[in-house]
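Questions regarding the structure given below will be posed in turn.
Each chain gets a letter, A, B, C, D and E, in the order it is written, and its residues are counted from 1.
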Amino acid sequence: MARVRLENITKRYGEETAVEDVSLEVEDGEFVTFVGPSGCGKSTTMETVAGLTAPSEGRVYIGDDDVTDLAPKDRGVAMVFQNIALFPHMDVYENISFGLRLRKYDDEEVRRRVEQAADIVQLEGMLDRMPAEMSGGQQQRVGIARAIVRNPDVFLMDEPLANLDAKLRVHMRTELQRLHRELDATVIYVTHDQAEAMTMSNRIAVLNDGKLQQIAPPLVCYNEPTNLFVAGFIGSPSMNFVEGELVENGLETNNFAVDLDPTRIPDVTVGDAVTLGVRPEDVHLTRYADSLAAPTAPIDARTDVIEPMGDEVFVYLLLAEAAAGSMEQDPATSPNQLLMSVTPDTDIEANQDVDVVLDRSKIHLFDTASGEALVHGLTDLPDREPGTTPTEADS
Amino acid sequence: MENLSEAAYAYLLLLPAFALLTLIAFYPLIRTFVISLRANRTRGLDPLGAFVGIENYVDILTGNARLARQFLDVGLTSSFPFVELGTPFFQQALFVTLAFAVISVVIETVVGFGQAYVLDQDFRGRRWVRVAIILPWAVPIVIQGMIFFLLFQPTVGFGSDLMQSLGIFSATPLANSRDAFIIILVADIWKSSAFMALLILAGLQSVDRSLYDVARVAGASPWQRFKLITLPLVMPALLVAMLFRTMDAMRVFGLIESTAGCTTVPSLSCLVVEAMFGGTRIYATAAAVAFATALVIGLIIGGYVLVFRDTEGGMY
Amino acid sequence: LGRGRSPGRVVMTAAQDVAGIMHSEGDDPSIQQALWDAGLDEDIRVEIQTVVSDSASRMQTTQSALQAGRAPPDIHMMDSGWTVPFILREQTVNLTERFSEDVLGSVNDNYLEAILETARHPQNGDLHALPLFPDLGFTLYREDLIEDAGYDTSGWGTDPPRWEEFANAVRDARDGADLNYGFTTQAAAYEGLSCCTFNEVMTSWGGAYYGGTDNLFTAGDRPVTVDDQRVIDSIRMMRSFIEGEEENTLDGYPQIAPSAIVQWTEQQSLSPFSAGDAVSNRNWSYAIAETGTEEAFGENLGVMTRPYAVSREEAEYADVGGTAAALGGWNLAVSPFSDRQEEALQVLEAFATEDVMLTVFELGGFLPPNLDLVAEVSPDDVGPVARYADVVQAASENAIPRPATDLWPEQSALIYQEVNAAYRGAKAPAAAMSDLANELEQSEAEVQTNGN
Amino acid sequence: MTDPSDSTDPTDATGTNRSGDINDAGDGDDESPRDPALCRPDGGEPTDRSAGRPDGGTNVLKDGREAELDRSPLQQWVADSISHPERVYRAMFYVAAIFFLFTTLFPFYWLLMVALTPEGQLQDIVFTPNGFNPGAFIEVFQVVPFHVYMFNSFVIALASTIVVLVIASLAGYAFGRLEFPGRTPLMLLVLIISFFPPAAFFIPLNDLFNTSFFFLEPITGDGTLYNTPFALVTPLSAIFMPLAIFILTTFYSQIPDGLEDAARVEGTTRLGALFRVIIPLSAPGVATAGVLTFIAVYNEFFFSFLMTDGQPENWAPILDGILAYQGQYQVLYNLMAAASILGVIPVAILVVIAQEKIVSGLTAGALKE
Amino acid sequence: MARVRLENITKRYGEETAVEDVSLEVEDGEFVTFVGPSGCGKSTTMETVAGLTAPSEGRVYIGDDDVTDLAPKDRGVAMVFQNIALFPHMDVYENISFGLRLRKYDDEEVRRRVEQAADIVQLEGMLDRMPAEMSGGQQQRVGIARAIVRNPDVFLMDEPLANLDAKLRVHMRTELQRLHRELDATVIYVTHDQAEAMTMSNRIAVLNDGKLQQIAPPLVCYNEPTNLFVAGFIGSPSMNFVEGELVENGLETNNFAVDLDPTRIPDVTVGDAVTLGVRPEDVHLTRYADSLAAPTAPIDARTDVIEPMGDEVFVYLLLAEAAAGSMEQDPATSPNQLLMSVTPDTDIEANQDVDVVLDRSKIHLFDTASGEALVHGLTDLPDREPGTTPTEADS
């Protein structure tokens, strides 16, 4: 039983509040990933679970026990530290076996498990190196091995793969998932890598500014973010946001309008400021629009920078009224830009006039003032009053 | 034990230290303090007389105590600088002690830093150089005194002749307070620089080397690396070294006793020991001088603590 | 860790020199054997607790033992210079009360009076310690060199010359033999200066600390006479010896002593002399033993008491003036904290027998407290000292003890500081002595005000 | 060598036009001034790169613009040194090392000369002994059982060092790594002990150690601590404790929290983390505290002299051994010298080697070189 | 002039060779990214440029000067360290201004530039924090600010964004690019993030095992990798590799065959072992194959695991002969698996039989023995002898 439950955890450093009133429950055997901007309190939250930081307020439960006042060693947790924190005076073998030796496993067993763990992190043959003689990524792998060798009930991993290359990451990712499944351990994981968060987690917990924003399965966070913050944070590149205002029968922005029935949207009325969100992959060139079930009306745009990424190409679009916006501006914040992602074989060039459409089923609306999500997907709305949907207006 | 609060845990860890210190240090000090408030009795079995309050302290400060030498002999005048030294400078315990402490600690710090820097380098035979530099520290004070005593014995050592021919010393330096002061200073620097060097070396060795890489890339010259990285990071260790060297120097006794003698260079500790063991059993006065000495040291250290309180990584 | 003591063991403190002759292998003579021979109970065995020989350190050790009420040691060996303070602190057993009549009588009759003074209670005269051996200050000189310089030294041994003659002889001998040093002595700022070397010089000039020998052991009510002109002159003479004709010197006395004497004690002053680099040296009997052997100067070593400037008749105070020999030596005191006082007293009584004294003299070269015995032994047994028995006798007659009251330690410090300063020229002799007189008077006054 | 124009300096617009220096390798290329205010467009002026040179060489070189033409060997060396600054540092380093070696070792050399000089010939020793008497080194053991004193001192020093290190480690951990009310006042309280001359402790301790405690009787025979190692170990531990506490506090406080955290998560207690991670990582500091304590105790003057009766069989330390060669009127300087060389040098070597072992054993590789 | 040139750099640590005979030239103002597996020698190479590590062999030039023996401070480089290495005794302001203060800039100027740098890394308001009081990402940003504040000629950045979240990374990425352009500085950059490497660099240098594999513009590395290593390393998820053998008129693998004319391929003949590489995005469901100009013949497969990533979905395919391969096996190494990437709205489920085709124009062939690339894209080959191309065979 290694359910982890945080109850109203708050942590203050002097004036600064690092974590504010966070409550969440991680089920036994669940894999939960914390994501959030730098400094939002991910590591601090983990430390309260590990027992390294005493929360200023709130309680921590592991299993059925209140462990708030328990020493780290008695909590049955293992942790991979963001700053790696290898013992510089021990070689790799000693680092990895540290916890086992403390528990007086016999040498045979220790060696077996260390070798197995070293194998998983691909460090065979480096067991007698000192940490100072290793590269950054190698050190990080030692840190991971040190945690996994112990088969604890609860794994805490703070950016364990930050220094690894893509290939190794993928490998480690699968290894960690396998371990998770085999050991049936509860895992709390911090990463800034979207792919990791999406593929590994049962649920993602999005933190911002010390506060929990949403905790939900990855695709729910991706497809139904509860607020502007989550919407903008999950997904890379970020979702496009366009501020607008609800009018009689649609949403008007500086550059374009989207038809909809405002009354169908809960909690807002005509005249309210609403932000439209759409992901880059849901912006399509009008010429490919026929594949979409519910496209919006075409929007005039001009391509700015084209960023080929190999497997996809990012196209920065300047909307009609965009006079001289520079391409560096973050499309998520510039009201006159849209980022579109297309396949590499798409025939598109910089500084070319194009028409784009948005996939209505993928449009999100947020209350601009509170940031709260209003609806996800406009196609569901008109289902009830079919009359309003099809009309689309140019900007 | 792990479940104790941080404070309770800290007190638990401090318990053994304070238990030992209370029994062996604080308790004796309190008793000594009580002694200092009583009168001397030079005859009879009991060495202490009636309770006299702070009379002993008044006596040592006013020069009325039965000490062979002056604790402090200044008179107040109406004209600048408003104080007037009575006994010559090098004959006043307080001044001698202060001068000795300040000069020796300053020089030892510099020399110790130099030595530590040399030892921090990697070179063949470093171990033996380290032995060499540590050696003076391992010398018993009697021997340290003997070396310098003999060196400046005109018939034995060449020190007197050499220094006299250089015009620095008189013919009998060990009998001359100023010369003897310098000899004691040199002897102390010779021995105690090693103390500084060892502590500073430990500080140097604890500095994360990658910080030097950063500084080098940032464009720091060796001197700047020293000033901006080494010094501040070694500072806590250095401060401890200086703090304890200062206190040690303020309590100098054995070295003086075994070279020039307390007559030539009286220090505060000289007064304590002479009062206690000088044959005239004036324990109360000795206790009072000891506490007065502690007070002086306390004032100096208090100044230290104030000045360096904000030093990064400092202990306050 | 345990230190269980077998019964019959009496622990006595002593330095290496005495410790080395206390017991012996097999039938070789030893003090222990002599004690048994002198009638000591065969069950009683003296065990030596070796202590350092430096007198000041020994006083510390003794003081900390007695102050803590610790025994063993059962018998403390105390310097004649600091026995009295312990007596006054009631840290010794009163021997007058505990010794048998005849032993007490023979001690009082036969022992050198000057050293007995250092072992008596200053107020009631009771004996609180038994002198083990006295020591006396001698002036050693190279008879051959001085004779070569044209001086007749034949009578010097028992009838020393005046300072002027001595100084001239030394100077001429030094110059004649082309030696580095003439006369070496001890003038460092230490106990030896106030108790002994200066005391001798002062006495030989007819001066005294407290106006003659009557007042030596009665602190409080006595005159302080260190600012006498004679005392000042004696210092000026020493300055002449050191500096030649300079400030604060005395005409007619040549430069014969190195300035280094102001930082010299016994060892440093003896070594140039024993190395043949000096004409004359003031020292203790051990120096005779060291330099009077055949390998050293042998018969060429001359020994006498101090030259003088003012004869005893000319002197103002009692028993000063003329030649002088400072008195040192060690006493044995029984610890009142000992649970073996009876045994210890027995040991002391045995020490008071002549045979034991002679054994100590023969084995260790320590002068017997009954100095008449010196003449009875042959140089073959005890080394060169016996050769100078007449000088020893003369010295004992002119022995001057230090005024070893319980104030002496602090007064001694005052004295040697001022005298040393004056010798060095840091202070004019007259100024130094008048300062000293003030300080001593203050110290004496202490006794009256505190009454302790 | 080429001119490293310090073009990292953004205000130094001339940083790149100094290539005129590049051609002649190894002779007086300059380094552009680090200080933008000093930047000169001509850039050809030889300046001294080595800021660490204390010898005023800067001026010599600055004046010597024409030295380009005729250079003395010295200037040649200086010029070479400029292009290879490591050489200057190396040279400075050797000068410093030799200077320190000479100044620290000379008194020992002289002590050796004193030891070798036969008794009674102690005159005018400068660089050679008067006569040659290596027998002194044997005699020291014959006159007094010096090895016993050494052994006693060694045991006492070792015991005190262990006591001090253990207790001070706990205290240092508390002071250095924990926050608690009264931390500063308690530290100052510890410090206060060091304000007092040892004599201030003496009278009460002398009483204490000579008081008979019945419960000690099975251990010490008469129930007092006098003449036992405890009479030295306890006061010396207490007296050197403040220094050790401060040293350890300083070093322990500098170990990053992360490492302690890692150890605790791995399953150590806080104390376990202290002994397994913090102490090993503070090895230089711990070893130094140990060495300073050990040697200080080994050579301590005051209590060593007064807390035993000076008998080798009663745990008298080395100091008493040395003083045993000192007579009232006669001091066996040669034997004292020989004894102290014998007493000191092996210990110093032992201590240094032990320290190196401790440090390297505990921190091997901890510091990236 | 801040061209950086490495000439035959080798660095050994004892037995271990960290960098082996690397020669490369980074043009003035160029942005070159080092990528490669953990421990391949990226950091070591950087350190030789910075002057922190003396190469065992070889020379380093900056501008026209041989700087091999020059002290770091005289090389005009600024560096962001992988292990961050902030000065623990200085607050953020002092850390950032360190280099400027060394150069005795006046206080005004220092403050201005520090504030500007802090702004770029979004650390305003934290200038008086101590490093120990900051989160991992915040510390890393201080490290970046410390380097950029100095405006050096050459920037060395070792994984500067490893601890930052996606959003901040994108921001920092653009900021660094802007800086690069504005300062006209030469940048050598290490990252394990493909997106970073692809978007920021003029050229990518791929290292493996201390040896330089390829140095070329990002898309060249992506599209025309010189060898198996580069092909597998660049691109995430990794390229699929299928080992096969050249036969008379095609390439045969265990599970399928691809038509081609072996004689058109340089350096190999029929019978040679050849590895086929194809990226996940170039594997298509047959039903969508019409959008391809040159698809291969359909290949029978069965979907195994479906991994939705938000903007795309990874489909693990088991090829016909695959009996019981588990999904964790790395598709790049398992001969019976293929990884396919499809758009999120694709209608596909796990354990479903599907037909897939490969995009012939995106197929790479490698010499299995040496790993060297043979051809990139099979469409160019048959152009010359059109007869051979269209015939396709099932496996």
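A few remarks follow.
Keep in mind that, in the parts below, contacts are C-beta pairs under 8 Å (C-beta built on N, C-alpha and C of every residue); 3 or more make two chains touch, one makes a residue touch a chain.
The chain list, named the UniProt way, goes like this: A, E = ABC-type D-xylose/L-arabinose transporter; B, D = Carbohydrate ABC transporter permease.
Computed from a predicted model, the values in this text were never measured in an experiment.
Shared contact partners of chain C and chain D, listed by label, are B.
Listed here as common contacts of chain B and chain C: D.
Think of the whole protein's Cα atoms as having one middle point; the chain whose own Cα middle lies nearest to it is D.
A count of contacting C-beta pairs for B-D and for B-E identifies B-D as the more extensively joined pair.
Bringing chain A onto chain E by least-squares fit of CA atoms involves turning it by 180°, to the nearest 5. If each chain is reduced to the centroid of its CA atoms, chain B and chain D end up 16 Å from each other. With each centre defined as the average position of its C-alpha atoms, the distance from chain A to chain E rounds to 22 Å.
Taking each chain's centre as the mean of its C-alpha atoms, chain B lies 63 Å from chain E.
Centroids built from CA atoms put chain D at 54 Å from chain A. Residue positions of chain C touching 2 or more other chains, listed in rising order: 60, 67, 271-272. Counting only residues that touch two or more partner chains, chain A has 71, 73, 83, 133. Taken residue by residue, chain B touches two or more other chains at 2, 155-156, 208, 210, 219, 221, 224, 313, whereas all remaining positions touch fewer.
Residue ranges of chain B in contact with chain D, taken from their complex: 1-2, 6-7, 9-11, 13-14, 16-18, 20-21, 23-29, 31-32, 35, 111, 114-115, 117-118, 121-123, 127, 129-143, 146-148, 150-151, 155-158, 190, 194-195, 198-199, 201-203, 205-206, 208-210, 219, 221-224, 236-237, 239-240, 243-244, 247-248, 251, 253-254, 268-269, 272-273, 276, 283, 286-287, 290-291, 293-295, 297-298, 301, 305, 313, 315-316.
By the touch rule above, chain E contacts chain A in their complex via residues 13, 35-39, 42-44, 82-83, 133-138, 140-141, 158-159, 162-171, 174, 177-178, 192-195, 198-199, 218-219, 222-223, 232-238, 279-281, 307-312, 314, 328, 330, 341, 343-344. Across the interface of their complex, chain D is touched by residues 1-4, 15-17, 49-55, 57, 60-61, 64-65, 67-70, 73, 265-267, 270-272, 274-275, 277, 283-284, 286-287, 290 of chain C. Taken in their complex, chain E has these residues touching chain B: 47, 50-52, 71-73, 77-79, 81, 83, 85, 87-90, 98-99, 102-103, 146, 150, 156.
Residues 39-45, 47, 49, 66, 68-69, 153-156, 160, 171-176, 260-261, 263-264, 274, 277-281 of chain B are the ones that touch chain C when the two sit in their complex.
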